[in-house]
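Across the two complexes that follow, subunit A remains constant while its partner is subunit B and subsequently subunit C.
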Partner chain A sequence: MPAESEVTWVEPAKLGLFEQLYLPIITDGLTTTVKHLLSVGSRLTESYPEQEPKLPPNYRGVHRLNKDEQGRTKCVACYMCATACPAHCIDIVAAPAPEAWKDREKYPETFVIDELRCIYCGMCEEACPVDAIELTTLYDLTGLSREQMIFDKEKLLSVFDQTTKAGTDPVRTRSGALGPASEAPPV
Partner chain B sequence: MPTVYVNDTPVEIGTKKLNCVQAAELAGVLVPHYCYHPGLSVVASCRMCLVEMGELKDGKVTMQPKVFPGCQTPVKDGSVIVTGEYATKRANTPLAYDPAYKPGDRAKKAQADTLEGLLLNHPLDCPVCDKAGECKLQDYSYQFGRTESRLVDEKNQPPNKPELSSKITLFTDRCIMCTRCVRFTREISGTAELQVVGRGHHEEIDVFPGFPLENKLSGNVVDLCPVGALGSKDFLYTQRVWYLKTTDNVCGNCSTGCSVHTDTNKDIVYRLRARENLDAQGYFICDEGRWGYHYAQSPDRIIRTYTKAADGKLKAAPLGPAFPSMLKKLVEDALYVTGKKAVVVLSPFLTVEEAFALGTAFKGINKDVRLVLGPVPVVGEDDHYPKNAKGEHVPPAKFTIHAEKCPNRHGVEAVLKQLQGELIRFTDVTHHDLNFLWFAGGYREPKWVDMAIPDGWKAPPTLIVQDHFASKLTAAATVVLPATTPFEKEGTFVNHAGYVQPFPRAVKPGTEVRSELQVAFDMAGKKGLATVAPVRDELAKQFPQFAALAELKTTANKKVALATV
Partner chain C sequence: MPEFDWLTLGIVIFGVIAVVMPTVGYLTLSERKISAWMQDRFGPNRVGPLGLLQPLADGGKFFLKEAPIPRHVDKLFFLMAPAASMCTALVALAVVPWGPTQPPVQLVATVTEAGTPAPTADAVAKFEEQVVANKKEFKGVILPGLDIGILYVFAVGSLAVYGIILGGWASDNKYSLLGCLRSSAQIISYEIPLGMSIVGVLLFTGTLNMEGMIDWQAKHGWFIAFQPLAFLLFMTSVYAECNRLPFDLPEAEQELVGGYLTEYGSLNFGMFMIGEYTHMITTSLLMTVVFCGGWSLFGLENLMADSVIWNGVIKSGIILAKAGFFLVMYQLVRWTIPRFRFDQLMDLAWKVMIPLSILHLLAAMLVREFNLNNWVLTGVSVALFLSAGVLGVLFGKGPNNTPRRRVVKRQPELAAR
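Now for the complex of A and B:
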């Protein structure tokens, strides 16, 4: 709470006789409506689902677990995403990495995201130290039961295959280099 | 009175022989350190505790022209300690320093430089390191270190050593060579498995080939490690430490009664760590206690109530609202006829409060009931450390694992003697013809119960057993009740030396578990949820030895001076 002395109280501007009539404002609004009615060629409405929207690359839709060059999950089971998650929708069980994986000691045995609980804030993506979890532009998430909406590791990895194959979501960050989804750094 | 000045704050040290780290602690100033541990010898090898030192004489301060390792430098009357935190933590009235001297600058630079040196070869794998969150290297780097590394060369990456021990793994690259673990195996356990091999930046902790780190105190090296180099395989990758809730508890696995930190998450115990308590055991705990908590989560544990059906088999009984009165009626019916042939066994695993509440409740129903001390499990002989190469103990003892595997024989005995004037042992009553037996157990090994039951033992018609695991007794029981582990209850244990230790509850017992104290409340006809506080008050009133318990409303994070029993 700011102290009373720091607060500046602003009075709303006083309306004159012209503004109090409200008629000019109403005419102004109706003009816009009529303009859109008449402009047949440039429709603003999208005919979803026939016509799919074009989303910006930093859209926050369904999660995916990224794979590295060898097809293994990039995730190292550090629990940073689960710790950052405000909705507590990520559940990880860590285990020692397979013997053949020389470059790491720990990997996720299971990695489950409850997509119904998720609020799609993108904190998991920000917290991830190895760029393993990303939110994609898949927006039309549906399921027939609650169980279907709880995504396990295999499902999340398949989202990676699906989105990279379709070309909608290229891998965004590569070891610190900024990808298309990142905002321009502040000047 | 000898006085030491820490960042201009005067501290009276009395007759104690202290070093700078300890003197600064008295003044509430942290001197960061890695290799120094109060239970081990001082080597001053990590150089993290560097401080500026001087002397106050005739109102004037003479400072030494270099920094000193605080852990190795003793203080005396008039010593002046200036730490790197002088600028933020100093007292309001500064001492009479030389005007050219800038207090704290040298120490601050020394700390930052030391940390930079320690971090040269330390991998930045905090996200996958189990120590992250409670790591001293992480904390001090944040508090005293630099934000960026200037190293351009490649870091050393020596291979990990999971074969170091069956219980402990070594992440060699994370080690900062404080040698606490080496000194522990040489000075406390005496087994000396660990050593430093190599020179300079290629120094590593290692064991001799064929002689892994296997002794009964080995788990302490994990506690001692200030970074994530030594890891317990039992805890490895199970939890991140910031999810854990720590409760100051007492180990219930032997009569030493070690003070421990119990780390839990969502009512599951994940780890036990040693808690410093010089009155109980010192700085360390044994492996049996450290990794002996798994029975609490064993799938074989009795977690609900069973009653004997008409066909003689035990059937799960619902724990409804009528259950307490049903149980009380069963006990009253049995005790109405046969007071003298009735026995209530109070095991040495119960807390003092439980033994007292159960004892008074049953004496209240029928004063002829005999209260009996349950079987006292003794395994082998008391194991003293340090040991020499032949495995023989070299006095003086620095740590003892007691053969008596129960935490509270002294406490329960004191309660029994007070309640009925004499102490009856379980072996005294096994040959008697009994009509009623209540067995308040809590044995983590069912064989300890089985061993106490002689061959050809005849079960009394009413046998109520409250225990963790199926045994000969539960097989013959009329009613089987689940028991609570020391993690699942608040109470008081009295250790082998008569030292009284109250402890809080770390986890909630299972939903179908009616705790010993609650059952005692049921038997006494008291309504509502059982709490320890009123029992403690009553206990303190009746028993002068436990008088100090009365002031103890909650045991969490409180230190009380307690009498010995």
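Now for the complex of A and C:
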């Protein structure tokens, strides 16, 4: 409790004749509301199924696995994303990279994300040293069964094709290479 | 005493109900649409084209949902309350004109005081002729020629509060009870200016019959011009009577959950809603009939006076358009003015509206007594209104008597920054 010396008492301002007459003020209010009523152009609602929302590029939706210029998975199976994941929804099985791939030792044999367990926090994206995993702006994620919602490598790579084709690449990809190990995706 | 042909009466009642019920439904839609547009939204637009079938969907849902009756309620009164609310609203419609009307035939005195000439046989014959002619005319009102007219509407309309009180009491719930108590206090307070504002009109028309009131206004001019203050008081009290914003304290969601509606669901709730919106329709028609000249519109209504059908269509159109304007006004005001606090509500009724209505009535009596020009009353109305404002400025206790607020002084070093 503040002491009485610290307290000031404020009186609200007195009402003038206009306010005391009620009517002019009410007319004023009515003018404002009727203006809004008649301004058809200023409707803010998006009619969702017909009108898709325009999401910011840093939106965190469905994951995708990025490909490099040769169409290979960028992922080097380092397990950083699986380790960072607070929901433990990423399951990777690593295998030795083919002989022809000189730049890496391992590649993911399987790469599975349980989209139902995922909390879309984006920490896998932050952890990835080669910008292989990214969250896209795809938000309407649905499935008929739990099995359908477990995305494997092919599915995640197809999300890459889909979003690149639609021109809705996430903000990281748009901003170019981020680390020494990463490279810009094909344009 | 008017006589009624039961078949015609039945058809007219059926017709009126068949129009009023869908209107109530579409009023809920327009309420939602207008609120949405005012808030830069679209409003319901999924059911049918432009959402026009929304009321049907709402009604179907009301019918098909389970009607929950909590175990702790007083079952009889709990079920009676919505019925009371809806019935009183519908019954009040019986004498309100919605189309062309004729004033009831002036009675001829058969017993006269000594010294005044007795009515001739001619006068009696003429009277009976007029009665027969009057019977043949089409009248846009369920019970034409009812002499207590507006008194009946007020009597039945005030019964609507029983629905609220019964509902709140029978629900056996603190929120419901608080809501219904507020409502009873509010409606009883606003009943006084409501009745008082009408008396000034009755002094001039000399009849309580609504057809007579329209007739007077068609001949002399609308009361909204002669008694603007009475109209203002009437409109404000009617908003309070209908429990519409800014006077919707009985169901103030923020304080009372749903007020007296808290325990109601499905069609029980729907009946309360129907009652409320029917009340709105009735009062809109009342404002039209009592203050805005009913079907009269500067002589335009008589363009097709010889054709019965066109006469009916034009006059009904005019009166319904005016009532429609007031209905839209209800909704515009609802989404413009915030709710009153309860003490402000009581202040407005007892300290402002009741004194004003009494003074206005006094002025009307003086004008009538000394046979002054009707426009004198307009001036008095405006003067009373302005002087109320001036008095408010001179002697008002700040904006709406808000309590003084404590504010902690900022520390000097913080203030210096």
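Note that the second predicted complex is superposed on the first by the 131 of 187 C-alpha atoms of A that agree within 3 Å, B and C clash if a C-alpha of one lies under 4 Å from a C-alpha of the other, contacts with A are read in each partner's own complex, and residues count from 1 in each chain.
The definition used in the following text is that a contact is a pair of C-beta atoms (placed from the backbone, for glycine too) under 8 Å apart; a residue touches a chain by one contact, two chains touch by 3 or more.
No experiment lies behind these values; they were computed from the predicted model shown.
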- Check the contacts made with subunit A and report whether subunit B or subunit C touches more of its residues. C
- Could you say whether A:129 touches subunit B, subunit C, both of them, or neither, answering first, second, both or neither? first
- So, A:94: does it touch subunit B (first), subunit C (second), both, or neither? first
- Using the superposition on chain A described above, determine whether A:152 touches subunit B (first), subunit C (second), both, or neither. neither
- Message: Touch test for A:105: subunit B only (first), subunit C only (second), both, or neither?
- Response: first
- Message: Per the contact definition in the header, classify A:79: touching subunit B only (first), subunit C only (second), both, or neither.
- Response: first
- First (subunit B), second (subunit C), both or neither: which does A:140 touch? neither
- Task: Could you please specify the touching residues of subunit B with respect to subunit A in the complex?
- Result: 125, 127-128, 160, 171, 236-238, 240, 242-243
- Query: Which of the residues in subunit A come into contact with subunit B in the complex?
  - Reply: 76-80, 83, 94-96, 104-106, 129-130
- Message: So in the complex, the part of subunit A that touches subunit C is made up of which residues?
- Response: 2, 6-17, 19-21, 23, 26, 29-30, 32-34, 36-37, 39, 42-45, 47
- Which residues, counting only subunit C, touch subunit A once they are in their complex? 34, 37-42, 45, 232, 332-333, 335-337, 385-386, 388-390, 392-393, 396, 398-399, 402, 404-409
